[in-house]
Amino acid sequence: MLKVKHFIEQSWLLIVASFIFGLLVAVTYASWKPRIDQNEKDKLNNLMRFMITDANSFEIAVRDAEINTGKGKILKTNIYKALYTDGRTLGYAFVAVGSGFADKIKLVIATDIHCEKVFGFKVLASNETPGFGSKITEDFYTNQFKGAPATELIVSKTGDPEIIDDKIITISGATVSSEAVVKIFNTFIAQIKQKLEEQGLI
Amino acid sequence: MLENIAVSSSPHISKPLSTRTVMLDVIIALVPAMIAAVIFFRLYAVTILLTCIVTAVITELICNHIRKKPNSLGDLSAILTAILLALSLPPAIPLWAVIIGTAFAIAIGKMVFGGLGANVFNPAMVGRAFLTASFGMLMTTWTVPATINPEMPTITESVKSTDIRTQATPLAKSKEALKGKINASVANNLIKDAFTGQIGGCLGETSTIALLIGAAYLLIRKTITIHIPLAVLISAFIFAGVAYLINPDAYISPLTHLTTGGMLLCAFFIATDPVTAPLTTKGMWIFGIGVGAIVMLIRIIGEYPEGIMYAILLMNAVTPLIDRLCRVIPVGGIPNAKS
Amino acid sequence: MTANAKGQFTFPGGVHPPDSKTLTEDSPIQIAPVPKQVAIMLSQHIGAPCSPTVQKGDEVQAGQVVGNADAFVCAPVHSPVNGKVKEIALRSHVVLGRVQAVIIDVDLENNPPKKINPEKYTNGFDFDAISPLQIRDTVRNAGLVGMGGAGFPTRVKLEPNEQSPKKIMIVNACECEPYITCDYRMMLENPEQIIAGVKLAKKASESPRVIIAIEDNKPKAIQMMARKLRELHGTENIEIAAVKTKYPQGGERQLITSVLNQYVPTGGIPPMIGILVLNTATTAAIAEAVIADWPLTHRVVTISGEGVSNPGNYYCSIGTSIAEVLEFAGGTNSEAVRIISGGPMMGIAIADLDTPITKTSGAITVLTKQQIGKAKFANQQTPCIRCGRCLEICPEQLNPTKIAHAVKHELLDTAQTYFMTACIECGCCSYVCPANIELTGYIKTGKILLARQKKKMPQ
Amino acid sequence: MDTFNTLLLGFISIVLINNLVFTKFLGICPYLGVSGRIDMAFGMGMAVTFVVTLSGTLTWLIDYFLLQDSPLEVTRYVCFILVIAGTVQLVEMYVRKFFPPLYESFGIFLPLITTNCAILGLCLFINLWEIDNFLEAVVLSFGAGIGFTMAICIMAGIRENLKLADVPDCLKGAPITLITAGLLTLAFMGFAGMIK
Amino acid sequence: MAQKPTISRTFIMGLWEENPVFRLLLGMCPTLAVTAAVKPALTMGLCVIFVMICSNIVVSLMRNLLKPHLRILMFTLTIATFVTIADLFLKAFVPVMSETLGPYVPLIIVNCIIICRAEACASKNGLVISVVDAIGMGVGFTATICVLAAIREILSTGNIFDIPVMFKSFVPWAAMAMPVGAFITLGLMLGLVNIITKEKEKNKNSHSCSVEGSE
Amino acid sequence: MTVADIIQLWNSAWPAGVTMLTLGSAFAIVLLIASEKLKVEIDPKIEQIHEALPQIDCGACGFAGCGSYAKAVAADPELIGKCAPGGAETSDKIAEILSLQASAGGHPQKPIIHCRAHTADRTYYARYGGIETCTAANALANVQACKFGCLGYGDCVDACKFDALHNIDGLATVDYEKCTGCTACAKACPRNLIEMVPFSHENMMTVACSSKENGKTTRQMCKVGCIACSLCTKKSELFTMADNIAKMDYEKFQPSDQTEEAYTKCPTCVIVYRGKSAPAPRQKEKKPAPAKA
């Protein structure tokens, strides 16, 4: 018994403090949780709304669609459906991941309702070199995707980026990153199309 | 009584050799490469070389002034650094970038460490690395040499317009071959042009023959020893050779590797920078092999077409460790700990 | 001509400074006039200093002992002249600073200059009649110390050692320092004396084999010695080796490597591997002590350099002041800027010309600004460019630049990790350094600092 | 074989390409503070490697089995730091008592590690990278330690040389170390993009 | 030297004399990691101020109850709690910054400055001094990293707070946004600070009499 | 906020509280046991120093944490002042703990330089053009005639960490205001000119010369050296003569008429005061000018 007393004498502060701090943290979390969740949702929604401008709300069309990224690796991603105020589906959007120059690149890609035309893509997260690969977020590059056909895209070093077709002109000095985006695109788009077809959505 | 008698420690005579003569030798050895640069890149070469030298001199003067140190231009090392930096720049780089790079090379690459002899990294490569990191685009634009492009644009044009005639270097071709876009023999065929220098690339690296003349001069004058160049070239050759044997369609031939890019300039003029290379012969071999290996690693596996600069900087970083590892052993062996 | 020694006749590293021997190599040894005053240093050798055995006012005879001590590692000192002790006072010593010296006013009337008498050594001295111990005792009493520079008492060197019996004796006749020709002249003019000395030393040290090592830029000396050796001894057990001309071939550690392809352990000395090295002048002095029964009171000094009027070799009394010695050679000329006791590579610059010459002073070199070089004279050092030349030529294969820089920043431990104490202070590294850094000077300083630190440690 | 490849590439990647010090700015304090001498730097590196492997593994386990996707997720930081601080303190006491020679050679660095963000940083990054394989977590943690050791040893080598150089007074110490570190990161960019 | 800390002095100390970045060389990781632009730097600085104030308050209140073997644990526990709160706050109200700063927010826990102040100041002083110290140190830290961030942002983008400030033909130096830029800028800044301090000391020495007289 | 809200909050919060409680207690127990079972005895001085340090183990001192630094400082007081977070206060405390020991007599040991010749007072044989340290200069043959006097290249100045030594016209001079008596300078001087002396008075009298030359030679070499005339020994019994140099007995030193007379009568003015408020050394009265004319 003496030992217990000794222990309490020595450590009561830590024990009490950890309990109180635990509560404090949990209470804060509980009260802000809705906002945090909302923020997360908003982020994706905002990006998607950026591409599908008319969309009013988004909901998951296919949950955990399995995408084969090559080398036998399977990735799960949600396919969202963009809804107009009247409930009409405007298009689909999904998060795609692949390796860039330095690290993984996470994109949000949006297509039209038939998955035939691309509305565009936005970078959700990337770690490309500033001044080099970081240029994949610039309009020069992203605009080429707006309206591009949702088929296998081709990369090219030369050409006119203003012409919207399946040819994507690389950013000079960041060929690797530019190619990476296209590669991610190509890997995902066909399989997404297939998933949507399986679900009978297109 | 004997006011004009001076006393100092032995020895009282010395070899007629000074830092200045050593540096001057290297500058002389670079003359053929500079001439080649002027032949192939005309005004570009001249302006870049001059800008580099002037900036280096001014930067060094300012640094010395701030530190209240005597003028150290006399040892010519700043000028040599400037020349080597200039020779490793692409012809079409705008002059303001040259100024930034040179100032960075001298101030951050050399003077902050205490000036000549104290710097850890090769100043010229520090300057180049900073430029590459900052202005990647400008550093990868390769102008077609004047000898095969009679309407070589003038400087003012090039700064403004992006449509100077450019040309893929053999190493860019090599990268394409690695990705299976073309056959490596396309790059291998450029070797003849590379020998004279009629090819895209940095100012000083294109002409193999000019570099070899300079190298021979340095070796004859005993300004450098053969260890480092040999180690760099042999190790690069072996790596490239193994890759070539595995798949000659994807990997360019070892000889092409040795004659293109900055390999020769690096082996004879940059890796041999005494300040940033190991002191001992054994260390020099390790250093050289390391440089060769990293260059080939970057050229073959890495994302960049060329890796000379990074190889040099990385090996510079480990030079103190190499020196520690390759400590010279006195002729009488290492004495027992007891005595 | 060369012996069947198994060495390569060279050693790793080393330099080729201009040897400048033409100034004096053809000038025969001259007998120097008697000085007016001599100062006999009581510390002229490594080991315990002597205490004076005479007092102020005493009359002394030439050859008389004026200082002695009981220690084993010690050699007595003798007066080279007849005269009267003026006082016992401090005099400048080349390395030791101010040390006690017996100052003798020379009795100029009855003091004929001492001559070298070659004939003494040609007519049959009975080498068998004298025992090794007798030789060693005579050597000690004659005050013999190594005359090649270090000044270690010769008796101690000759003493046989049970643990490592002497296998080979090397006679160091390299004279690798520029300018110096005193040993060379001795070999040309008095080969008999040297050979007699070699035979005595061989007997005293009980070495079975002797190799006389001469640099191959002295063919005349090699021929002369070979001929005389054949005439006086025959070639068995005593050989001549022509070693490569390279500085510091005469360093004993280098010489051993050259001649025998053996390495003396770092921090060790030649006896550890059974080798004895003697300088030619030392052997000549042994012969003089044993055969002519005269102690070490005179030696040949090369006075050379562009800064003296009449360069040459002079047979001088030990104790003569450098100022007076220079007078023999016509004095210094107007361009002289540095007076060196010894040669230009290892010699020590002198400021106080009253410094007397000692048993180990083989040369006085006077250099002009041109020889020293402008930058070196102005002590203009530039930063080390890590060119590695100093490592390449260091005959001990040390890392002079690291040691010197560690000393400069007072990191003695670091310096020691690069084996600072193994440096033989040959000066090669400073000689080649393009940045003109006084590497040897720093290393010497470091050794002093280390020694002092060690001394202070226990407290 | 495939997992082995992943592990190897992961290891090389975190040592050379995504080195914590050079690309993630973690552990800078000891990197500046304890890189004066190679032996000290190596000791520090070893200590970090040991602790980071241990705590990387431990926190991964806690995270994976306890916190992830549970309401307790919010206590992640507190749990992580408690685990790290507690473990380090324990290990230090233990080594000090029972292995004095070991303590002398690297244990003395242990207290310094609690406040070294390389440890917590790595635990957080492993969480961020969504590593879902135990072995991978262990290898990455270990690799991070090795990467740190390499970085600090290189720096120590350079600084030992700089001790003999005439660095301007105002830049002596931390400033020149920072500048050198900057140039080192420049050099290490050579490895960028080598492994995906 | 060991004079009793006054409120104003304590505050000033943190700003310059004991500036955590320049003088104590602590908390280098966030200093370098979040200074590619001013916004994240400012956010980070504010977080640090918040955490430091809270932890200094708690530690100052508990200062007489601490047991030696649990001290470090206690400090880290306190700090971690407030860091979590700060992190949640960012996530809830400034999600963009939360994203940019990523794991560097939780890394405040091991930021040596905070533990240092907890130990060196809060565990020895009363509430008021502790809070002032926290504010002083925090503001010093924030100001410093903002200056660093401003330099880097201007050179690497030509902008500050996304407002272009450089001349039109300025080509941004991408390297300044990379680790190189961080290390070298900080290194040079430290060098500059060293020069300034030395100048100050010199001035102080030459006027030392007048300073003493006025006090 | 309603009661229901609070209950809901509590419901979602208590698991976290309990988790941390458990973790906290677990560590508390383990660390308590560990701290008692694994206690290691250490030198009380080191412990004291450790207490005085901030104990945040930041490594700014260059050591592996406060513990290592404490140990190092205890062994080598020259390392004081490396703790940046602790600042000057901590340094003072450590200095106090280590209380740089006073001499046997209870007086602080301060250095006295046994030379008083400035460049102009000395005779030189040549110009010195070598490495500019006293140790290197001392190793070369006598550039400066007096082999005993100060060389003025300042090895001691470099050794002093407290800026208490300065080279004034070729003579190392102690600033007694700043000197802490750390003995570093005494160790550094290759000529052993610097003696650590118990300062029983603020200003101590001393014979500021080390020359062991006889009077005549000293006079030739230095204008202000001790010429061993023994005058002082006749004036005061505190002075003794050995090896051609007068010496003062510092332990017994007490300013008196005798010592004052020795001071004023010394023909070369080599007896001087050294200390915080010492008067400038006496200067030899110039012989009346006409002597020359």
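Some notes on this structure:
Note that the chains are named A, B, C, D, E and F in the order they appear, and that numbering of residues resets to 1 at the start of each chain.
In this section, contacts are C-beta pairs under 8 Å (C-beta built on N, C-alpha and C of every residue); 3 or more make two chains touch, one makes a residue touch a chain.
Worth saying up front: this structure is predicted, and the values here are computed from it rather than measured.
Annotation of subunit B and subunit F: jointly contacted by A, C, D, E, touch as defined at the top. Across all inter-chain contacts, the pair with the most C-beta pairs is B-C.
Each chain's centre was taken as the mean of its CA atoms, and the one lying most distant from subunit C is A.
Inter-chain spacing, taken between the CA centroids of subunit B and subunit C, is 49 Å. Note: centroid distance subunit E to subunit F, computed from Cα atoms, is 37 Å. Measuring from the averaged C-alpha position of subunit C to that of subunit F gives a distance of 43 Å. Each of the following residues of subunit F touches two or more other chains: 12, 15-16, 19-20, 23-24, 27-28, 31-32, 34-35, 56, 58, 60, 125-126, 129-131, 136, 139-141, 143. Across the assembly, subunit B contributes residues 1-2, 4-9, 108, 112, 114-115, 117-118, 130, 133-134, 136, 303 that each touch 2 or more other chains.
For subunit C, residues touching at least two other chains, in rising order: 348-351, 353, 377, 379, 383, 402, 438, 441, 444.
This structure has the following touching chain pairs: A-B, A-D, A-E, A-F, B-C, B-D, B-E, B-F, C-D, C-F, D-E, D-F, E-F. Partner subunit F is touched in their complex by these residues of subunit E: 1-2, 18, 23-26, 68-71, 73, 77, 112, 115-116, 119-120.
Those residues of subunit B that touch subunit E in the complex are listed here as 97, 100, 108, 112, 130, 133-136, 138. On the subunit F side of its complex with subunit D, the touching residues are 12, 15-16, 19-20, 23-24, 27, 30-31, 34-35, 37-40, 56-68. Those residues of subunit B lying in contact with subunit F across their complex are 1-9.
Within the complex formed with subunit D, the subunit C residues making contact are 383, 402, 405-406, 408-409, 411.
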